[in-house]
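Both complexes below contain chain A, partnered by chain B and then by chain C.
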Partner chain A sequence: MRVILESKVRAKPNLPIEAEAIIPRNFLKGTDLLVYEGNKERTLSELFWIFVEGTAVSPENIEVILKGDTSRIKRVGEYMDTGSIVIEGDIGMHCGNFMSGGTIEIRGNADSWLGREMRGGTILCRGNASHYCATGYRGEKKGMQGGKVEVFGSTGDFCAEYLAGGTVHIHGSAGDFPGVEMRGGELIIEGDATRPCGNMKSGSCVILGTVHDMLPTFEKTRQRVLPEWKITADVYKGDVANRGKGTLCVRS
Partner chain B sequence: MIIHDVICPFCGCLCDDLELECEGGKIIKVQNGCALAESTFMTDTRLPAPIRRTESGWEEISYNEAIKETAEILQGADRPLLYGWSSTHGEAQSVGVHIAELIGAVIDNTSTVCHGPSILAIQEVGHPGCTLGQVKNRADVIIYWGCNPIEAHPRHMSRYTTYATGFFVPDAQRERTVIVVDTRRTDTAGIADEFVQIEHGGDYAVLSALRAIVRGKASVIPAKVAGVSKEQLIRIAEICKTAKFGAIFFGLGLTMSRGKYKNIRNAIELTDELNRHTKFVISPLRGHGNVYGSNEVFTWMTGYPFAVDFARGIAFYNPGETTAVDILRRGECDAALIVASDPGANFPRAAAAHLAKIPTVVIDPHVNATTALARIHIPCTAAGIDAAGTAYRMDGVPIRLKKVIDRGYPDDAEILKKIYDRLNGGKGP
Partner chain C sequence: MTEIWVKNACVIDPLNHINGEIMDIAIRDGRIVESVSDRADVIDAQRCLTLPGGIDSHTHVSGTKVNFGRYMSPEDMRAGRTKRKGKMHVTSGYYVPTTFGNSYRYSAMGYTTLLEGAMAPLEARHTHEEFTATPHQDMMANTLFDGNWAVMDAVREKDVRKTAAVVAWTLKAARGYGIKLTNPGGTEAWGFGEDLTGIHEMVPHFAVTPAEIITTMMRANELLKLPHSVHLHCNNLGKPGNYQTTLETFDIVPDLNPDRQTLYATHVQFHAYGGGTWKNICSKAEEITSSVNSRPQIVMDMGQIMFGRTMTMTADGPMEFNLHCLHHNKWSNHDVELETGSGIIPVTYSKKSAVNCIMWAIGLELALLTKNPYQCLLETDNPNGAPFVKYPEIIGLLMSKRYRDEECATLHPETEKRTSLCALERELNWHDIAVMTRAGQAKALGIVNQGKGHLGIGAEADIAIYPIRTDSVDPAREYRKVVEGFQKTRYTIKRGRVVSRDGDIIVDGANATFWVDAMVPEDLKMENDPEFIKRFEQFYTVRMSNYPVQDVYLPRGRRIETEVFT
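What follows is the complex of A and B.
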């Protein structure tokens, strides 16, 4: 089954919409869902043109497609566990929060907190992702714990903060402090990064581009060939500011 | 008439030993206070009555009219923003939170542009702090990091640190070692025993290096970190480890420079590490008189210290998303109520500009840069001058502000209560 949601033109286009109701499972019972626009509750049909094609008996066969201006829509795919969501343009904050299964594909850019506290499933972002991509919530001890986030563009600052499990793969560059407070999982940045892995405790990070302002508290241990990336990398242990046992590989 | 033990409401020190001389409803002399205190008590640029913007300029309106129109603006909004709160008392702040909850608004205070990052860091790793009295009586090593108290908190050093005689530090000037860390040589740096000059944005690296050295991992550290020599870092670490009691104070140089809350977190973790050797504490030098109080009031009412979003009826907090600057910059809010602060002067231009595009109401004793962006300005009492109320000092100690004169203005808490009543169909909070 395919559910196509095309955003309607709004009187106040800058108002954020909170739409955690948009997950494939919810469309099994119909399209009668509630979302918030600013401080007002709205029905899905007030904000979207809704088209449904075919039928489905189980949620994994449901595909939700978002079209139009979706850049202010937050929390799409929150707690999603199966099925798929395709966003044709940009998406607002907190897309794929707490996701545990299924796939989200964003053809445009993603705003901050993409895949926050994710546990499983896959997020593909064809454009750029803003700050706090694949991280946790304020003050929480664990960020993303499982699954995969792949960003084909670049990310903003604090990408993969508190990463605890799963894989984050950035094809472009990451901003300041990628992998800060990392305690598990794997972070791959094909482009450049600034001050990577500050205060990391565990986990591993590979950076293929240039590292700016490398922190003074990483201990260079050896060189290693990384066959999957066809490079030789300097291997650092850290962060020695704490008792960190993380691994940071930077192209030699 | 001379009034003793007056509290200065200007900065987070909330000095409680001022003497004011009043005559005929006017303050004519301020004693014991610093220059900032003097201008706080002596200058008064209050409007005689509320004003409203019209096509041709400003017109005076009655308080009732101003309150009615403010309530209408807030009632009709889909994403109202209530911002400010740091220069008024807790009584007004609490009514503000009630209004936010009632109408589904975002309420934020000035921590957003000062010590919000400190709060984020404290939420991650806790706050090893103490009251200023402890520092005064015990601390023999003082570190000022990214702050310039001589200019911003003029009496901090004389009341609590460098020049203050303490119970266990009777000869303060000789017994206290003062370390100043900054990117430029400030006035405060001039009186330091040890001045550490860091390259711009290098605080995080220097803090990490110090942590590693205190942990006995000096061998990893390169010869220079962000412009600071390894020898100096080792010397500083040694001074800290051998202190009897150390206190770190930090300001906007650390919270608002590159890395923001990660800098503070690193400083807290350095403090943590030092506590394996001796007693060490860390505290933010809070700016506005009662900004700490706004954090306290917001927290006991909503669970969160700033940037609280009630859009969905429950409190949600996420700085970067629900902070006033970000909401304005994204052009989200469609009405704003600004109380006891001046975002027109302190916010980034793009954020402040949005205030002029939406109906903005200012409740503040004084005309300020935000008035120029507003639709209505309602003058009120100034907490600590012509209104009494509770404020919190920078170390979390609540202090009762005094009413020293009466100038005939209504209290901002009263104005806010009337707005609440209108929004709630006549029923008070």
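What follows is the complex of A and C.
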């Protein structure tokens, strides 16, 4: 089954829409879902043109497609566990929060907090992602715990903060402090990064571009050839300031 | 003139020797009276358990420490969210909730009076501001003196009168209620980068020992005739083998007051560990309770821990640093100029941890092994051991051997070997619980003659009516009903007004703050003491004239004046 949601022109296009209801499972019973626009409760049909093609008996076979101006729609795919969502343009904050399965594909850019506290599933972002991509909630000890986030553009600051499991793959560059407080999982940055992996406890991080302001609390152990990236990398252990046992590989 | 007539109440009022009588209670203008007119509002209690309003004699709900706990734990604000409803504000948080969250949840459990366990005098304003935002409970603040330089100077000179004068001045300046000593000497030593391990060790730079501070403060406390006794958090909290220190401390307590205890030892569970390391830690609750059983001058409270996530916060800075070294979690330490310090760190008590299970068992052992319930009060050192919303579960555990056995079966197997909890058959009765949650507290805090903790004629009309029928519920078997019953009162009446019904707050609160104005002879007034003023102006970052809390911070302050000593 395919559900196409095309956003209507709104009188106040900057008002955020809180759309945690947009997950494939919810469309099994129809399209009468409630979302908030600002502080007003709206039905989905007030904000979107809805087209449904085909039928589905289980949520795995449901594909939700968002079209039009979707850059102010927040929490799409929150607690999503199966099925797929395709966003043809940009998406607002908190897309894929707590996601545990299924796929989200964003063809434009993603705003902050993409895949926060994700537990499983896949998020593909063809454009850039903003700050706090694949991280945790403020104050919480564990961030993303499983699944995969792949960003084909660049990310903002604090990408993969408190990463505890799963894979984060950034094809472009990361901003300041990627992988800070990492506790596990894998972070790959193909571009540049600034001050990566501060207070890292465990897990591994590979940076193929240039590292700016490398933290002095990482201990260089050896050089290693990384065949999958076809480079030779310096392998650092850290963050030694807090007895961390993480691995940080930086192109030599 | 407001009048309420509570009829058909099954009253347990230990201080007036009433145990389960079906009776009526008449309330006029916030006080309990003989009779009311027939225009009074009638509340039919339907023979449900009716107790004086609950009193928590050691809790951390207001002040800088609690607030820093809130700063540190944004993730806690995801829990416990409730919407605005009638007179109720929004609340959020579980172990460090918003002030209204604290107040509403205490009220729903029938608590009407709270003692904030530790207030640094320098930060008293903040505490009093939060008191006014905790509107459904009368508040009191224990004032920290553990590292007070002027006190330690007076103690070194062995001058009890001078010590008393410093205490009186500071209590008045901070609008405090009683003397709190948290790891006396230890926190101040920590401020200089050192640590104490026993009560007979010298505090560096001050040439006094914790034992001297404790004994001098107890004498000063009785000289000032303060309503509450010295409130002590013993040295060496949370270290395996610390029961020795606790016993040594109990040994130096004289019996100075016929009406109440001379020492209130708080959260003793954290001070009753045997062994030498975390690997061989064991319970020494039997040694501690046999000491308390033979000393009527000591009252303690349990400091029970319950499993789950919570936040530890105390003026005991060094202990929090040790805890941080154990957990590697976020933490904070803080020094309060010439007075004390503090530390905050989140913890999770887990059933998989042998140490946590033993701690859990020790708290219960203390309560079950203490013969006189007036000497072991129920509390969790909220939120250090557990948030106060866990009190009903603790009541259930104390009243039912079966509940304890069922819980024990889910714990780490070492618990049975290193504690004697499973062998204890005692099950507390309704009367014991009423003592451990209100009457005992009122007596220990010295607020019985303020009309707290009992339902006699003239008492403040603070009443909690629980949906429990004591004649038909067997707490040993139906402990779930007991736990549920104590979680939510049918009615909580505070100073003659129904504030909470079935857990919902229905009025805006108007609490009072009790504080003690201790009188000293003219020649001992610290505000005229040139040496005191000189040292104050030299070392504090605030002027002495800006230091005392103005009355505007206590919109409903209630001053308790003591007799002047000679």
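In this section, the second predicted complex is superposed on the first by the 252 of 252 C-alpha atoms of A that agree within 3 Å, B and C clash if a C-alpha of one lies under 4 Å from a C-alpha of the other, contacts with A are read in each partner's own complex, and residues count from 1 in each chain.
Going forward, a residue touches a chain if its C-beta (ideal position, glycine included) is under 8 Å from a C-beta of that chain, and two chains touch if they have at least 3 such contacts.
For clarity, every value in this text was computed on a predicted model and none was experimentally measured.
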{"item": "Superposed partners chain B and chain C on chain A - clash or fit", "value": "clash"}
{"item": "Residue contacts with chain A in the superposition, chain B compared against chain C", "value": "B"}
{"item": "First (chain B), second (chain C), both or neither touched by A:F177", "value": "first"}
{"item": "Contacts of A:K40 with chain B and chain C, given as first, second, both or neither", "value": "first"}
{"item": "Touching partner for A:E78 - first (chain B), second (chain C), both, neither", "value": "neither"}
{"item": "Chain B versus chain C as contact partner of A:N242, first or second or both or neither", "value": "both"}
{"item": "Partner chain in contact with A:Y132 - chain B first, chain C second, else both or neither", "value": "first"}
{"item": "On chain A, positions contacted by chain B and by chain C", "value": "137-139, 242"}
{"item": "Parts of chain B lying in touch with chain A, wherever the complex brings them together", "value": "77-80, 103-105, 120, 123-124, 204-205, 207-209, 211-212, 215, 217, 220-222, 225, 258-259, 262, 265-266, 269, 310-312, 317-321, 330-332, 334"}
{"item": "In the complex with chain A, residue positions of chain C that touch it", "value": "72-76, 78, 328-330"}
{"item": "Residue numbers on chain A that touch chain B, as the complex places them", "value": "12, 14-16, 18, 36-40, 93, 112-113, 131-132, 137-139, 176-177, 180-181, 195, 198-199, 213, 215-219, 239-242"}
{"item": "Chain C partner contacts - residues on chain A that touch it in the complex", "value": "137-141, 242-243"}
